[in-house]
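A, B, C, D and E are the chain letters, set down in written order, and residue numbers restart from 1 in every chain.
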C-alpha cells in the first residue's frame, strides 16, 4: 500500500476535523472534532510506523523499528483520555453556569 | 577615585534624602551635599593629576563592559557645570515649597548622579545606563511637581527621548559587534572599523537620540512644553545641564566613532540646525510666555552648538566647549529670573506684566546681565562661545554662517522684547505691588552674573581646560 | 606714558561700577563728581598719551590673551597711535564737557536714577574708549557692541515711556544688523589671515585676493552703516532722540556715530585697495548726506533737525572716506564733534528752559531769554553751515575738494547738500531764537538762562567750534599748515603711497571756496529772512513738503517691507508650523498608535471560531510561503 | 485489486463519510454515533496494518470509554438539534474554505515529496503491533514517559475533581 | 531527574495535605517549603552533589542550561507563592489542589527543560497545559473564568492536534522522534530533507507559537489571562510562558539549517506581528490586567528573538529574560491582585495610600519597559544583542526598539495613575507587612539583576 494513500486519508480526516472546529458552535461537537483530528494523527503515525518497519526489516528482519510510532499513538490515547475528562468537566461546569454550550456566547472576554 | 565620588555622593545622599521627612532639613541636606560635590569637583579639576581622574573596575566581563569613568577636559568642565548648577538651583529655589520635599530633593540628587555619570562614562554601555538614569528621576520630578498639563507633556518628553535612546542602544550594539575586541570601552569604539554604509546607519541612530535630547529642529517640540510645565528647579537642570548631554554626546560618542559619516552628513545637519536656529528665534519673537521664550531661545542656541560641532574644526569646537558651560550658566540665570517673577506675581505672560523695573530694580539689572549674555554681547561669556562657533561655521561654509548669523539679530529682538515687556513701561495691576527679589535669588543671580562677566572677560581657563579634548577629537 | 593707556578706559569703568553699585547710597553731587571726574581723569591721561604719541609714535600694550583657541589668538591689547589718540581726546574731552553739562541738566532726576544715568554714561565712555583703543578688530567689536548697548540703555533711560523703549530697541536691533556685517568681516579676516590684529592684518593685506578685500571692506562698511546711521540703516538715529539731550550730544552726535568713520579710517589700507568699495562708500555717504538734509528741511522737533543733520554730516564723512580723504573725514569728525555737541547742548539748554518742550513751532524769540545759549548756538550754526573761518568750513571744504578731485558730480551734489544744511540750520535758528515767543504763558514765565554747569561747556565748545578748524588749514592758504594731516600721516601712510596725488590748481580751489561760501551766505540770508517772523499755521503741508515732513515715509516702508512680513511669518511659524506642522506630526504618530490600537483590538473578537480560523489561514500562508520561498526571497531582496 | 486494497478503500470511504456526517449532523447524539463509526473504521485500518493492540485500545478507550462519556454529557445536558442555532453561512463557508485550503496545501506538499514516491506501508504483516513487542518496548525504553504520564493522569484527576466538585 | 520526581511527589503531598490539614493558611507554607526543597534538589543535581539516576533511554537530557532554567523557575515560583500565596487561598476552596496543580506544572516545566525527543515534548506540554486549564477555571462561579477555561481548553486541544500532526509528519520523514536533524549534505550545505519534515516542523512551530502566545496564534492569551483568576494569570504569564520558550528553543535549536532563510522570513513575520499586536493593542486597554495580558504578548515578541538568533548570547539572554520578566510580572500582578479596581483609574493615587505597593509596582513596570538598572533592560539588551550578532536582521532590531518605545506608553500609564493622579486607590483589606517586605525584596532583586546581571549569568560560566 503506498504511503501516500494513508497520508491523504489522514490529512482528509484531519481537515474534516479542522472544518468541524471552525464551523460548529456546540462546544462538545467542537471537542469531538478535535478528537477526530487526534485520531487522524494516530492513524498516520501507525501508517508511518509500518512504513519504517517495512523499510527496516528489508535490511534486518529482526528489526523492531516502528514500535516507537505505535507507542506514541498509545501515549496520545492516554493524553486524549485525560484531556477528555478535564474538558468535559469544564464544559459541564460552564453548562451549569450558563445553561448553554454554544461557543458563540463566549464573548464576555474580547477586545 | 574623584570621578566615582562625583557620582556616588549625589547618588547615596539622594537615596538618603528619601528618608528625610522634614522639609527644612532636607533642603539643608541637599544643599550641603551638593556643595560637597562641588568641592570635590573643583579639587578634582584642578588639583589632581590626570592619572587619578580615571577609575575602571570590572562590571560585566562577559559583555566586554566595564565600569570605566574618567575625566578629560570636556568631562571636567561639564562636571563642574553640573556641580555648580545644583547648589545654585537649590539656593535659588530655597523659598519654593514642595510636597514631599524629601522625594523631590532625593530625585534631584539622583538626577545629578545620572548627569555626572553621563559626562564621565568611558564605556558605551555605562554611558547608555547613565543616559537613561538621568531621565527617569526627571520624569518623576516633572510629572509630580509640574504644572497643570504636566502629565501629558512630561510623558511626551519621556517617550520621545526614550525612543531616541533606544535607537541609540541599537546603534551602540551595532558598533559593539564591529569592535575588534568586542568591547564597549571608548577606546574600542574609537578604533572601530566600519564601512561607509554601516557608519551611516549607526551614525543616524546615535544622532537621533542626541538630536532629540538637545533638541535640534525638528525634534524639539517636546521641549517648550516640558520647560513650561516642569517645576522651575527642574527646568533649570533640564535646560542648563541636561541638554548639554546631547551636545556632549555628539562630541564624545559621535564624531570620533563615525568620522566618515559625520563629515558626510555634516551638511544636512548643519543646515537643519541653522534652520532650527532661525525658526526658534522667529517663534521666540512672537512668544507671550516667558518660559516658552527662554525655551525657544535655548533651542536656537543649541542649534548653533550642534552646527558648530559638525563644522568640524577646532575653532568651532572650542566655541562649543565653552558655550556648553556658558549656556548652562546663562540659561539657569534666566530661569531663576523667570521663577522669581512667577513665584511672586503668579504669571509669566508678557501681556500681564510690565514696569517691573520700578519695583524690582535689582532683578531688572540682573536680568539685564543675563539677557545680554543671552544675546552674546561682547564681554559676556556667551560672546566668546558664539564668536568661536560662528567662526568655525564660517570656515565650514560662508553662506551658511552668514544665514546663521541672522539669529544674533533675532536674538536681540526677542530678548529685548522680553526685557521691555516685563520691566519697562508703567506698572500694570499684576506688578503694582511687586517687591524686589529675595536674598537667595539675588545671591545666586549675582553669582551667575559674575560668572557671566568674568568668563566673558577672561575665558581662557575654560578654553584651556577643554583644549585636550578638542585636540583629541579633531586630530 | 603710553604704557598707561589702559588707565584711560579704567577710570570710566570704575566710575560706572561705583555709581552703579552705589546708586542708592551716593548723593547726587557725589555721583556727579565721580562721573565727571572719571572722564576728566581719562582726559588728562589721554592728553599725556596724545603728546607721547606725537613725540614717540604708536605703541601697543597687551594686557592678556583674551581668546586663545586653536591657532587663533586674540590678545586684549590697546593701541595708542595718532588716530586713536585724536579720538581719545575728542571722546574724553567732549565727553567730559557733556558729563559736566549733565550734572545740571539731569538734576531733576531722583538719586538712584541720576546715578544710573551717570553709570550708563561712564559705561558708554568706557566702551567707546575700548572701541578706539583696541589693537585688533575684536576689541574694537567689543567696544562697538558696548556703545550700542549703552546707546540702547540711554535712549530707553526713561523706561516708563514705551515709545522710548521702542526707539531704544530699534536702535539696538538696527545696530545689530550692521554688527552682523562687522562680525562676518571678522570671520572672513580670521579665515583668510588667521589674525585680527591691526598690525598683522595691514602687514599681510597683500595676501588677500581682491575679492576678499572687497568682501571684507563691504561687510565692514555694513557695520559702519549701522553704527553711523547711513542709508539704509539710518532710521534709528532720529528716533534715538528719545534719550536725554546730553546723551544725544555725546552718543548720537559727537562720538558713537563716528565709530564707523573711525573703523574705516583705521582700515584705510583695506579700503584703498578696494576701489569698488570706496565708490560704494562715497555714493552711500553722498546720498545719505543729501537725503537726510532734505528731511531736515521740514522737521519741527529741535532735536530731530539736529539728528538728521548729524546723519547728513556723517554722510559727508563717508563721502570723504570714499574719495580717499581719510584725514578730511577724521578732521570733520573732530569739528563735527565740537559743533554738533555744541548745537545739541544748546538745544538741550533750550529744552531745559522750555521745560521739555521740543517743538520749535512753540518757541521763538528766545534770543533775549537765553543770551549765552543763543550766541553759542549761532556760532554752532555758522560752523556747521561752513562759513569761514569757522571750523566746519575747513573740514567740509577738504572733503568736498577731495570729492571734486575724484568726480565733479560728487562735489556738486555735496554742495547742494551743504546748501540745504545751511538752510535748515538757519531755519531752525530763526524759528527758535528770532521772532516772538509762541509758547504758553507759563513757559514764558519760566524762561531763564541755564546754570553755569551748562553754559560753560557751551562756551568751551563754541570756542572750539570757532577755532577748531585751524588745525587743518588747507595747503592753498599756507603750505604745511595742515598740522592734522601731518599728525595723522603715519596712520594713512600706506594708503597715501597707493593713491595718485590729485592736486587742484590753487586758483580753481579759491574759486570754488568763494563760490560755495557766497552761495551758503545767500542761503542763510534767505532762510533767516523767510523764518525770522515765523508764525504757526494750522494748514497741513502738501506735496513734497508733506513727504519730507514724514521723512519720505521710510519708516513706514520698512514696516511694510520687513517688520510686518517678518512678524507675520513668525506668527505663522508659531501658530501653524509649530503647532499643526511639527508638533502635529509628533502627536499624529501618537494618535496613529491610538487609532491602530482601537482597530487592532477589534481582531480580538472573543469568538473561538474566528481565532482558530485565523490560525488555520496563517498556517496555510506559512506553507505557501514555503512552497514559493524562492520567489519570496527574490521579492524581499528587491525591497531591502 | 486484492482484498486488502478493497478493505482499505471500503474502510476509507466509511471513515470519511462518517467523519463528514459528524460535522453535518444537527443532533449531537448523532454526531457522537457517527464519530464512533469513524473510530471503528480507523480500528479497521489498524487491523489492516496489523496493529492489533492499538485497534483494540482504540475501540475500548475511544469508542467505549471516551465516546460514552461524551454521550453521557450530552444526555445530561439534554442537548438536541434545536439547541444549536445556525451559524452565519459565511462563517461556515470561511471555515470550510480554510480547512479545504489546509488540506489542499498539505496534499500538494505530499505530492511534491520525492522521497515518499517509492515508500509503501507494510500491510497485513509485521509483528511490531503485537502486544508482546509493544509491551516490551513500553516497559524498557519507554518506561519514563509511561511513568510520567501518570503525573498527567493525576493532574487530570485532580482537575476533574476541582472543577466538578460542588462547593 | 530530581526535580521531575520531587515535583510530582510534592504535588501528591499537597493533595493529601489538603485532606489532613484544615488550616488553609498553613498550605502556603508547606508549598513554600516544598518549593525550597525542590530548588535545593535541583541545585544539587546541577552541581552534581546528589541526583536520582534513572535510565531514560535518551528521552531526557539534563544539561546545565536546562537545570539553571529549572532553578530560576522554582525560585520564581517561590517568590510567587510568598507574594501571592494569600491570594491563592482566597481564590476558592480547593487550595491544596491548586498548589498540587502548580507542582504538576513545575513537573511539566522540568520535563520541558530537559526533553530530548518529541514524545517527551508532547508529554511535557500536556502536563503543563492540563493543570492550567483547570487553574484558569478555578473561579468556578465567575463566568469569565469559566469562559476563559473553555476557550483555553478548546484552543489548547486544537493546538495539541496541530502539534501531533506536525510530530507525525516529522516522524514520517525521519523515522524517529529524536530532535537531531539528519546530516547536512556536505556538497550543497543544505539539508535535503523531505517536504514532510518541513511541513511537520512548520506545524510544530505553529503549535509552539501558540503556547508562547506569539501572534497570530496569540488570540487565546488576552481572553484567558483576563478571565483567569489573577493569581493564576500571574503564574501562567510568567513561569509557564518561559517554559514554553525553553521548549521552543530546544526544539528549533538544531533545525535552523533545515529551515533555511525562509524560516527567518516566517519568524520575522511572527516577531513583527507579535510586537505589533502586543504593543499596539495594549495601548488602548482600560484594564490593567488586560493590558498586562497584551504586554505579555509583546514580551513574547522580544523573547522570540532568542529563536531568531541562535548563538551563545541567546542562552544567556533567555535565562535573563526569564528572570527579569518573571520577577517583574509576578510583582506587578501581586500588586494588581490587591487592587479592588483593575482599571487604570483604580490605581489613581496609590502612591499616597500605599507607597510601598506603588514603589514595588513601579520598579516592576520599569523593568518590563526595559529601563536600565532594572533587570528588564539586560533582558531586552541580550535579545537585541543576540540578533545583531546573528547579523542580517538589523532592521528587525530597529522595529523592536520602536515598539519598545510604544511599550513605555502603557506601562507608564500605570505609573502616572499611581503617582501623578489624585484618586482613591482602594485595596482589598489592609496590606500585611510581610507582603510589603517581600515586595521590597523583589524590587531590590530586580534592581540587583539590573545592575549586575552577572549574578544570574555567572552560573553559566563556572
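Assume contacts are C-beta pairs under 8 Å (C-beta built on N, C-alpha and C of every residue); 3 or more make two chains touch, one makes a residue touch a chain.
Just so it is clear, the model here is predicted, and its values are computed rather than measured.
Peer 1: Just to be sure I understand the contacts, which chains border both subunit D and subunit C?
Peer 2: A, E
Peer 1: Could you tell me which chain lies farthest from subunit B when each chain's centre is the average position of its Cα atoms?
Peer 2: Centroid comparison gives D as the farthest chain from subunit B.
Peer 1: If I average the Cα coordinates per chain and compare with the overall Cα mean, which chain comes out closest?
Peer 2: B
Peer 1: Please name the chain that ends up farthest from subunit A once chain centres are defined by their CA atoms averaged.
Peer 2: Chain C.
Peer 1: Using CA atom averages as chain centres, what separation in Å is found between subunit B and subunit C?
Peer 2: Computed value for the inter-centroid distance: 36 Å.
Peer 1: CA centre of subunit A versus CA centre of subunit E: separation in Å?
Peer 2: 27
Peer 1: When the centre of a chain is set as the mean of its C-alpha atoms, what distance in Å lies between subunit A and subunit B?
Peer 2: One centre to the other, that is 66 Å.
Peer 1: When the C-alpha atoms of subunit A and subunit C are each averaged to a single point, how far apart are the two points in Å?
Peer 2: The computed centroid separation for subunit A versus subunit C comes out at 97 Å.
Peer 1: Touching at least two other chains at once: which residues of subunit A meet that condition?
Peer 2: 3, 7, 14, 17-18, 21-23, 25, 30-31, 49, 51, 55, 65, 68, 71, 75, 79, 82-83, 86, 90-91, 93, 103-104, 106, 108-110
Peer 1: Mind pulling the subunit E residues that touch 2 or more other chains?
Peer 2: Where subunit E meets two or more other chains at a single residue, that happens at 119, 123, 126, 130, 133-134, 137, 140, 149, 151, 154, 158, 172, 199, 222-223, 409.
Peer 1: Residues of subunit D that contact two or more other chains, please.
Peer 2: Subunit D, residues with two or more chain partners: 87, 91, 94-95, 98-99, 102, 106, 109-110, 116, 141-142, 145, 149, 152, 155-156, 159, 163.
Peer 1: Could you list each pair of chains that touch, in label order?
Peer 2: Applying the touch criterion to every chain pair yields A-C, A-D, A-E, B-C, B-E, C-D, C-E, D-E.
Peer 1: Help me check something: in the complex, which residues belonging to subunit E touch subunit B?
Peer 2: The touching residues are 316, 366, 371-373, 377, 381, 384-385, 388-389, 394, 397-398, 401-402, 404-405, 408-409, 412, 416, 419-421, 452-454, 457, 461.
Peer 1: Flag every residue of subunit C that touches subunit B in the complex, lowest number first.
Peer 2: It comes out as residues 64-72, 112, 138, 141-142, 144-146, 149, 152, 156, 159-162, 165-166, 168-169, 172-173, 176-177, 179-180, 183-184, 187-188, 190-191, 566-567, 569-571, 573-574, 577-578, 582-583, 586-587, 590.
Peer 1: Applying the document's contact rule, which stretches of subunit E touch subunit D when the two form their complex?
Peer 2: Within the complex, subunit E touches subunit D at residues 4, 8, 11-12, 15, 54, 56-57, 59-60, 92-94, 97-98, 100-101, 104, 107-108, 111, 119-120, 123, 126-127, 130-131, 133-134, 137-138, 140, 149, 172-173, 194-196, 199.
Peer 1: In their shared complex, at which residues does subunit A touch subunit C?
Peer 2: 18, 21-23, 25, 30, 103-104, 106-111
Peer 1: In their shared complex, at which residues does subunit B touch subunit C?
Peer 2: Residues in contact with subunit C: 156, 160, 218, 220-222, 279, 282-283, 285-287, 313-315, 318-319, 355, 357-358, 361, 372, 377-379, 384, 387-388, 390-391, 394-395, 398, 401-402, 405-406, 408-409, 412-413, 416-417, 420, 423-426, 457-460, 463-464, 467, 470.
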